Structures are given as C-alpha cells and as structure tokens.
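Would you mind keeping the following structure in view while I ask a few things?
A, B, C and D are the chain letters, set down in written order, and residue numbers restart from 1 in every chain.
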Amino acid sequence: MRKKMRRGRIILGISFFLLILARVLASQILAGEDKPLKPYKVGAIFAITGAASWLGEPERNTVKMIEEEINALGGINGHPLKVIVEDTVGDETKAVMAVKKLIEKDKVLAIVGPSRSGTTLAVIPIVERAKIPLISCAAAEAIVAPVKPWVFKTPQKDSDAVVKIYEYMNKHQISKVAIITGTTGFGSEGRKQLKKLAPEFGITIVADETYGPKDTDMTAQLTRIKATDAQAVINWSIVPAQAIVVKNMRQLGMTIPLFQSHGFGNIKYAEMAGEAAEGLIFPAGRLLAVDTLPETHPQKEVLTRYKERYESKYGENVSTFGGHAWDALQLVILALRAVGPDRERIRVFIENVKGFVGTGGIFYYSPEDHTGLNKEAFEMLTVKKGKFVVLK
Amino acid sequence: MSPILEVVALRKEFGGVRALDGVSFKVNQHQIKAIIGPNGAGKTTLFNIISGLYFPTSGLIKFENREITGLKPHLITKRGICRTFQNIQIFKNMTVLENVMVGRHCRTRCEFLSTLMKLKRARYEEESILAFSQKILSFVGLKDRAFESVSNLTIQEQKLLEIARALATEPKLLLLDEPAAGLSIRETECIAELISRIRERGITILLVEHDMNVVMEISDEVIVLNSGRVLAEGAPREIQNNKEVIAVYLGEG
Amino acid sequence: MGKKNLFSLLVLGIMVMILPLVISNPYYLSILIFVGIYSLITIGLSLLMGYAGQISLGQAAFFGIGAYTSGILSTKFSLSPWLALIIAIFVTGGIAFLIGTPALRLKGHYLAMATLAFGQIIFIILNEEIAYTGGPSGFGQIPYFKLGNFVFNSDFRYYYFVWSIVLVVLIFSLNLIHSRVGRALRSIHGSEIAANVLGVNTAKYKIQVFVLSAIYASIAGTLYAHFVTFLSPGTFSFSFSIALLTMVVIGGMDSIWGAIMGTALLTILLEFLRIFHDYDILIYGGVLLLIMIFLPEGVFKGLFNLIYKGNFPKNRLIKKSLESRR
Amino acid sequence: MSLGNQLLQYLFTGITIGSIYGMVALGFNIIYNSTGIINLAQGEFVMLGGMITIFLTTVVKLPLFLSFFLSVLLVTLIGAIFERLAIHPLKSPSVITLIIITIAGSILFKGGAMFLWGKETFTLPSFSGEKPIFVLGAIILPQTLWILGIMGGVVLLLIFFFSFTRAGKAMKACAVNRRAANLVGINVKLMVLFSFALSAAIGAVAGIIITPIALMDYDRGTMLAIKGFCAAVLGGLGSNAGAVIAGFLIGITESLGAGFISSGYKDAIALVVLLAVLFFRPGGILGNKEHT
C-alpha cells in the first residue's frame, strides 16, 4: 500500500516534468522551418524572467513579432531573419554566458539587448573584444559615455528626461524639489543625474529619499518629504513599487505636483496607482500617448503600426520597453538590408544612421553619439482618466 | 593513596530545580568506584559537570590536586578525564577505526595549515594515530571490524567502541555511564571483564551503573546518590546492608 | 588521502588538461570556468555542511565580499589583482571570523537564519555604498590578472588559471578531511557532545572551517571579478546562496567530489536547458525537492544505490544519512 | 508638518508594516510549535493568498468576500498537500534537510505562481475605500484598520483554538514534548499536517489583507518571510503574543529608521536587530524558549 502510494508520487512527479518538457520541445520544433537562403542570425538577450521580467517580456515579444513579419514578407534581401533569444534573468553572470553563446556558438551578426543597464555594462567588454555590434535596450548613460565603437543604445537618455522635467519646473517656478528614487540600477542612475543637473537649472533638492523594489509602504519617506518645503516631488523608479509612492503621497494629503520618470511608462503602473495617478507628470516616448498625437507628427505612423500589431498579437498593452527592442532590431535589419552580413559594416552603418524614425524618437547616430536621441524624443505626459495623454 | 578526583560540595540547579545538592566525594587512584542511585538522583548530571559539559551552580572539582571546575570539556579531556555516554554517542558518519582515531585528537597537534598542505609532520602524526588506534581496537576486541561502518555494529560493539574511543585519549580517569545498560548477561560479563582489564592498565574508573551484579562484582567502593545528595558511601558489602539504601531502593519499587 | 582519491584526482587533472583541446569554443570554456569558480565555493560549503554539519545560507555574501574587495582595490585604488586577491582573502576571513564567532554558537534553524540575515545585510551594503560599489548599477572595467606580460584575458588562459586553483584547493581539502582536523570536523557533525568530551575544541573548529569556506568563496569571488570584469549586487543575492546549496545537495553533501560534480551538473545543465526559460525556476525547485525526498545522499550516490542494489533508497538512506545529522 | 505629527505618522506607518510582519510571524510560530520546523515557504503562502484572491476577483469575477474565503481555503489545502508530499515522507529528518526542503517548496510555489499568473504586479481594491482617516494630523488608511482588526481576530481565534479545543490542545502538547504526546495517544503526524494547513491559512489571510496597500507579485514571498522570521525570533519563537508585538516593534523601528536615518538602510535595521537578538538573547525579547 505504502509502496503503491510512493510509486504514484514518483509517477506524478515525472509526468509533471515530462509535460513541461513536451510543451517546450513542441514549441521549439514548431518554430523550426525550412530555410531557402542562409538565414541572418541576430542575437537578442533580455531579462525575460527574474525581477526585471517586465522589461524583458515585451522586448522578447516584440523581436519575435518582427521576426515573423519580416520572414512573412520574404526576409531580408531573401535571407530569412533568425532572432535567437536568450534569457539573462536580469543577472550579470547569465548575461555574460548568453552573449558568449550567441557570439561563439550561434555566430550571430549583431546583438539586441540586454534589457538592464547592469547586464549591458557586464557584456560590453565581451562584445568589444569580439567586435560584435550591440544595440542595448537599457537606459544608463554609462553604456555609451564614453563612446565604445561597438555599443549603441536605443532608449532615451536619463539626463534628457531630467532636463525635460527641470525645464518644465523652471517654466512653472518650481525651485525646491524632493526626490525619491528606487534602489535599482535605473533608480540610482536617475538619482545621480537628478542631483548632478539640479544646479544648472537653479533647482535645490531639499529631500533625497529611496525605497527598495519590494517595499510595501513608503509613507515614512514621504512623511519626511512632507516636512520639508518642497514644491514638487520627483519619483524616479522603474519597478512596480513606484505606484505605492503615488498612492501614499495622495493618502498623506500631499497636493504638490508629482513628477515621475520615463520608467513610469507602463499603463499598469497607472492602473495600480488608480485615482492617485491622475495629474502626475512624466517625460516619456510618444508611444504611450500615440492616440493623442497629432496626425502630422512624423512618428505617428510608426507608433500606431507597432501599437496595433503588438496589441492585437499579444493581447496586452504596449510598453516603451518593447519599443526600445523594436528600434534596436529595426536598426539591425536596416543595416543588414543595406550592407549584408558583415559585422564591421553593420557597425559603421548604424553609426551613420540619420533620421531613422523609431518608437523612441527620430534617431541621429554619429561616431560621437551612440544614443541617437536628444531630449526632443521625450514628450511630457500626464495621466487623465486612467490614460496617458500628452500634457498640453 | 592520594585521591585522583575530589568533588567538593557540588551543587547544580536547573531553573530552580536542584539536580545536585552539595555532593562531595573522592576517587582514589587505580580504584573502580561505582555511583548508584534511583532515576533522577543526579548521576548523569554529575558526569556532565565533571566532564565539563555543564557548569556547576557552586562547588569545586579537583583533578590530581588541581581545580578543573568550569574548564571547557576538551581541556578537561586533555588533563586526562574521558567518558562514555548512556545513550550511545558514536559518530555514525565514520568507520569504526575513524571513531577511535578521533580519540587521539587531544594527544596530537597538527592544525589546519599543516594538514591542508600535508606537511611531513602531519603525515608522521597520522601514522602514529593509526597505529595507536588499531592497538586500542584490538584491546577491546574490535580489530576485525575496523574498516566497517558503525551502523553494522551491535549494541554491545557500539559500547565497546565508545570505550575504545575514550581509551584512545589516554585518560587517567575514565567515566563510564551505564556501560552494561541494554546488554545481555553474557555481554555484561564481557564488559565487566574489560573494565577490570582497563584498571590493570593503571586507569582509574568511575562508573554509573544500574546492574547491581556488575557493581558489586567489580567496584572497590560505591556511592549512593539520592535526590542530588550522597546517601551512603563505602565498600560494596557495606552498601548492600545499609538500611537507608535498602529503603530508598525498595521504597521506590 | 586514499588510493581512490588519488585516482580520481588524476582523472580530473587529465580531464581538465585535455578538455580545452577537445572543446575550444570559448563559450563552452567559459561555462567550465564558471563551473570551476563555483566549485571553489561549493567545496568550502561541502566542508562546512557535509563534514562539519553547519549550515550557511549566506555563502553568496562571502563570494561577494571577495569579488567586491578585489574589484574595488584593483579598479579604484589601482592595486595589482594579485595583491587584491590576498587582501580580499584577509578581509573575507576576518569578517567570517567576526560573524562566525557568535553565529556558530547557534544551531540548526537559528544558524541558518543568522547566516541568511548576514547575507542580506551584505547585499544591502553592496547596494547602498554607491561611492565604492557603484550601488545597484554596479561598476566595471576591472583589470585582468597579469603575470609579467602574460594577461589572463582569454577564456582559454583563464580556464587553466581557474582550474589550477581549483585543483590546488581540492588537494588541500582532501588532505584536510583525511587528517586529524578533518576527523574532528566530522565528529562535530556526528555528535557534538561526544566530539567535545573526546578533546575536540568544537567551537574553534567550527569557526575555522567557517572561515576556510569563506576564504574559498572569497577566492572564487576574486576570480569572478577579474573574469567578468563587471560587478553588481544582483550576482550575490540570497538566490545565489540557494543555488550553491542546491549544487552541494545534488552532489551529495558529505563528499567534496559530490560538490564538484553537483556544481558541474547544475551549471552545465542550466546552461544547456536554456530552452526552458520560464520553466527553469519550476524545474529548479522540483529537482531540489525530489532529491531531498528521494535521494538525500545526492544524485550520484543515490542513483548508484538505486541501480546496483535495486532497492529504492528512500527510507533506509534517509534514515541513515539523517540520523547521523541529529 | 511638526515633529510630533511626523513621529505619529512614522508610528502609524510602522504599525501598518509591522502588522504584516506580525501576521507572517504567527504562521512561522504555528508550524514551529508543533514540529520544530522553520517553514521557509511561509512567505509563499502569503503570496499565494494574495495572488489567488486577485485571480478570483479579477478573472473569475467573484465578489471579494467570497474570494477571500475561497482563497484561504485553497491555500490551506496547498499547505496540507505540501506537508503530505514533502514533509510527511521524511523519517526523523535533519534540520539541514528540512531547511532545504522548505526552500525548495518555496521556489516551487514561486515558480508555479509565475507560471500561472505571469510576472506582473497586481493589486486589490481596499476593502472599504481608500479615504485616509486623519488622527492628530497623521493619517491611517482604512485598510490598516482592517489589517489590525483581522489580525486581532486571528490572534483571539488562535488563543481560543489552543486553549479550548481538542485539536488545539493536542497541537500544544506536541510542541511541549512530541514523544510524550505520541505516548498519550496524540497522532503527532496528523498534528503536523494540521499545523501546516493552519499556518498556510493564516499566511493566506495575511496575503489577502495586505495586497490592497502593498501590491502583490509572484516574487513577494521571500522578503516577507525574512521580515516575518525576524519578528518571530524577536518575539521568541513559539510565542504568538511575542510575534505580534515584535512585528510592531520591527515595523516601527523600520519606519523611524527610514524617517530619521536612511531609507536605504531601513531593511538592514530589522536584520541587525535579528542578529543582535540571535547572538545575545536567543530566547527573544519576550519569550524564553529553548534555543538550541
């Protein structure tokens, strides 16, 4: 009797794993297809699982979608596009391994990603040595400053977002601000820029608070801010916990304006914060407010197309993060189409891209600038009735 | 003959409960002394204090005329006292031989660095440990089982192993906690014979035992403990006829 | 060290020598480099857990202290990586001593939680001391090891560098466990009281082996820092401590060889099972659970018993291996 | 905002956070009491409680009240199944084994939750609006009152359960001496099952009531478990009153620490307190249970 039960348990366990195995293998087999010409292989490394998975998932979805679309249209100059996606789990060691695999085993022509600044910085030495173009989807300025020949990025610069906010403040006579930042790479980079640029705009930071990505309540930090004479609060983070700050602030009855970073660019954060999010202001790419963008805007078409396709395919809202991956992969495709499978020529091509209309803005790369965007890529947005709209 | 062990007014309380209440006695050199008493009399507590596992609440223990009260257990072992346990405490993750080799620990010196790099000193020492341990194993009659896992041993063999392990520390005083418990009559005789042989090697023995036949047969002197006090002390024959002792034992059933 | 160990060492040594000639792809080599680096930590953890019976849920912290100390010293203070390695060993050893002295008086769950809390505190410090550690975004440009003009900057070179250190540490550790000190450690695991009355200074040895395992982790950390050349706190989180624990457990806690095999198995398996992506956390937890329930002596020993003795080892082995830990 | 107001606000914030820790600590205690096990998957019960309720209210569209009970029931069941499959088969397991098994369980629960609900963060509406209540210039959220009320209720129920019901008394007996409990005819193994179920239930309740203020995702469990454990140890493992009080103490220290010292190091405060207690007063500040 006992033996039987035990055997039952083993069988249950084994079948459980077989089930998963079958599912994964099936999806792998179905994904394979006949290839007429030698495919162009492009690597993509994102934080698909782990703590930063909200970044990696839309990015992965996006590149997979583009791969499908390109191949449905006959590939790149007849060559099918093969995007090999690897997961970094947001972890540096795994990212290093993934990049090595892409370079040494899969022999990719270029790499899109990683999602996070930390993982990007970790893999830079490898791509520099292997001479592979890397188009990062992470924000930190350290990625491209100083400029490294093989490394590009598509997200807007943190400092441009800061400039956007500070300019707005100057216009509205706000000179004393409190900053509250998340203790992640994104948050601490933002904090650095906020503190660095404040004097240039005549802005005094009267409170400097932080919170962890898993914190449950930020009233303590906000109470401390409330006790100062801050005229506005800047909440700079990329993790969901930033929604709690928004909520707590309103609960504490603080009525001073709240500014968020472009890390707020996920409509779910606004949903989580609920009513408290109404009226907050943040700089972001135009993707989030494409509906309220005038028809004449040069990005309108690209944005609408990406948004519609993504949302109909995956049944979830687009985020700017997926947009970064869109821009990065489209740049690589553009290069492949123009110069073919040659890493050095791809690099030179991207370095000289001018006027590429992406989701993040209109890109102008140069040997001195591997970001390609300036502060005009940002639009000040606000939340109105639970939706992101362009601030008028 | 000078006493090897002297216990003076030993007291031990556990959260208000007195386990030992002013126990004093002496153990002379080359003696076999037995401690008897009903359950809860404080026998094991006494052993735990002598071997340094417990701190006494008050009182004094002298070994070879030097005070050892409150010394750490491993230092007391180094001075020359070793013990066995009532509930057998052999190292089940080692072989029989290795168990005994642990006993040589306090008589050897090589530390982390020299063993890490396996210096000449460490190798010599290892050989001497091995030789000594094998000698001890043959003394207690476990030589054939040296390389076996201890889980293959019978209860009797486990008890022998514990004694062997204690002997490996070259004790001057050996504390045996119920060496015959759980053994058959034959096995008990075997242990009793071993204890006598150990004494012949010049080792003093203090033992706690419930088996009166063993106690009366091998011990030179007997102490009776009851409720944390010494009830009686004397030669086995005197104790057997002591009215108070009889009362305690009969009274308790 | 018995004949069996010498033979195994020889086999491992030859394998280590030959492997790069067979698989020259730097990607595979770097997997093996990580196997080597992690093996250093798990050898120490195996000494601590499998031999001395003390648990640590904060081993990633020592790995991190080693990595950050030498990373910061060689990057921000321009020290030679070799000197940084030595200083890191002393720093880590010192911290391990300070934390171990009170912590190792605790047992079981309390010790586990104390080491866990220590690990978390180090993790927070790595995140907060931005001036030195770069905070959550970390810092890079850590120099490579150099010997004269010979720079350890390729996977091929680093592979031999790391594995020679692993072999040395392995030989040291095998020496240790088959010595007076090794027996003392195992006796603590077997029965702490008995060890104590047999003259083993249990408190001292527990701290020493704790410090030794921390030093191994510190060396691993330094090797990691000068290989990846970039550090950020995420690598040294609680979940890495758990991963290390899993490696040791899979291989069989009470064997150094098991620790290395478990490390290799898990590292390589996870790398080749990249297709599992979203599922790997489930597989991870599932494997760990199944092993603990069915093969608590580790995969290798457990499967061996299963195949050669034909009896499912569950009850007997659990009983045996667990009784010994009481 | 005056210093007094600030202090009061920190106090309220501390109580809010602390009540969460206290609830998690209660779960630790129940299992520890009847088994001597620290269930490192305790945080995962909390997470599951929150996630299942979110699933039931938003996807199945059940009313909150019903989802509450349904998800507590489900998590209780999960706790019981976990005990049956992972803990029950072990014969006299060692502490190391138990620690690893409960960790493995927690990884598995986490993975399962990620598999089922993805990696996003979710929230629940507050039970009775979000309009803060002002007390002397500081605010309390209505949800905090719910948390305090429900926690109070749970503590009272636990006291009643352990002092007046047969099962409760039997579990208490196991805590005092398992062998003796077995001898007098208590089915110790069954009590272990009960204790896992009960602590899963309490974890689930905690998870549900904190979600409206703290949000919930698959990865929440570990940090909550660590903080909850700090509270359990500080209060003296096994003491329920101690757990609740220690929970408040840690919460208040954290919020004062965030307010006056450094918000970055506030998480370290609880941990340093934990280490200090373990090193110098392992019986906890209130209890004095045996600690080795």
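Operating definition for what follows: contacts are C-beta pairs under 8 Å (C-beta built on N, C-alpha and C of every residue); 3 or more make two chains touch, one makes a residue touch a chain.
These numbers were taken from a predicted model, which means no experiment stands behind them.
If subunit C is disregarded, contact among the remaining chains splits them into the following groups: A, D | B. Averaging the CA coordinates per chain and comparing them to the mean over all protein CA atoms picks out C as nearest.
Taking each chain's centre as the mean of its C-alpha atoms, the one that lies farthest from the centre of subunit A is B.
Centres computed as Cα averages put subunit B at a distance of 47 Å from subunit D.
Centres computed as Cα averages put subunit A at a distance of 34 Å from subunit C.
With centres taken as mean Cα positions, subunit B sits 71 Å from subunit A.
Multi-chain contact residues of subunit D (touching two or more other chains) are listed as 85, 89, 114, 264, 267. Shared interface positions of subunit C, i.e. residues touching 2 or more other chains, are given as 127-128, 278-279, 281-282, 286, 314, 323.
Multi-chain contact residues of subunit B (touching two or more other chains): none found. Screening every pair of chains for touch gives A-C, A-D, B-C, C-D.
Put simply, subunit D touches subunit A in their complex at residues 1, 3, 6, 9-10, 12-14, 16-17, 20, 85, 89, 114, 119-123, 130, 132, 134, 139, 141, 210, 213-215, 217, 219-220, 223, 254-256, 258-259, 263-264, 266-267.
Subunit D meets subunit C in the complex at residues 37-38, 85-86, 89-97, 99-101, 103-112, 114-115, 222, 226, 229-230, 233, 262, 264-265, 267-268, 271-272, 274-275, 278-280, 282, 291-292. On the side of subunit C, the complex with subunit B involves touching residues 1, 172-173, 175-176, 179-184, 186-187, 189-191, 193-202, 208, 212, 254, 320, 323-324.
Of all the residues in subunit C, the ones that touch subunit D in their complex are 49, 53, 55, 57, 102-103, 105-110, 112-114, 116-118, 120-121, 124-125, 127-128, 238, 242, 245-246, 249, 253, 278-279, 281-282, 284-286, 288-289, 292-293, 296, 314-315, 318-319, 321-323, 325-326. For subunit C in complex with subunit A, the touching residues are 25-28, 30-31, 34, 127-128, 130, 135-138, 140, 153, 155, 224, 228-232, 234-235, 271, 274-283, 286, 290, 294, 312, 314.
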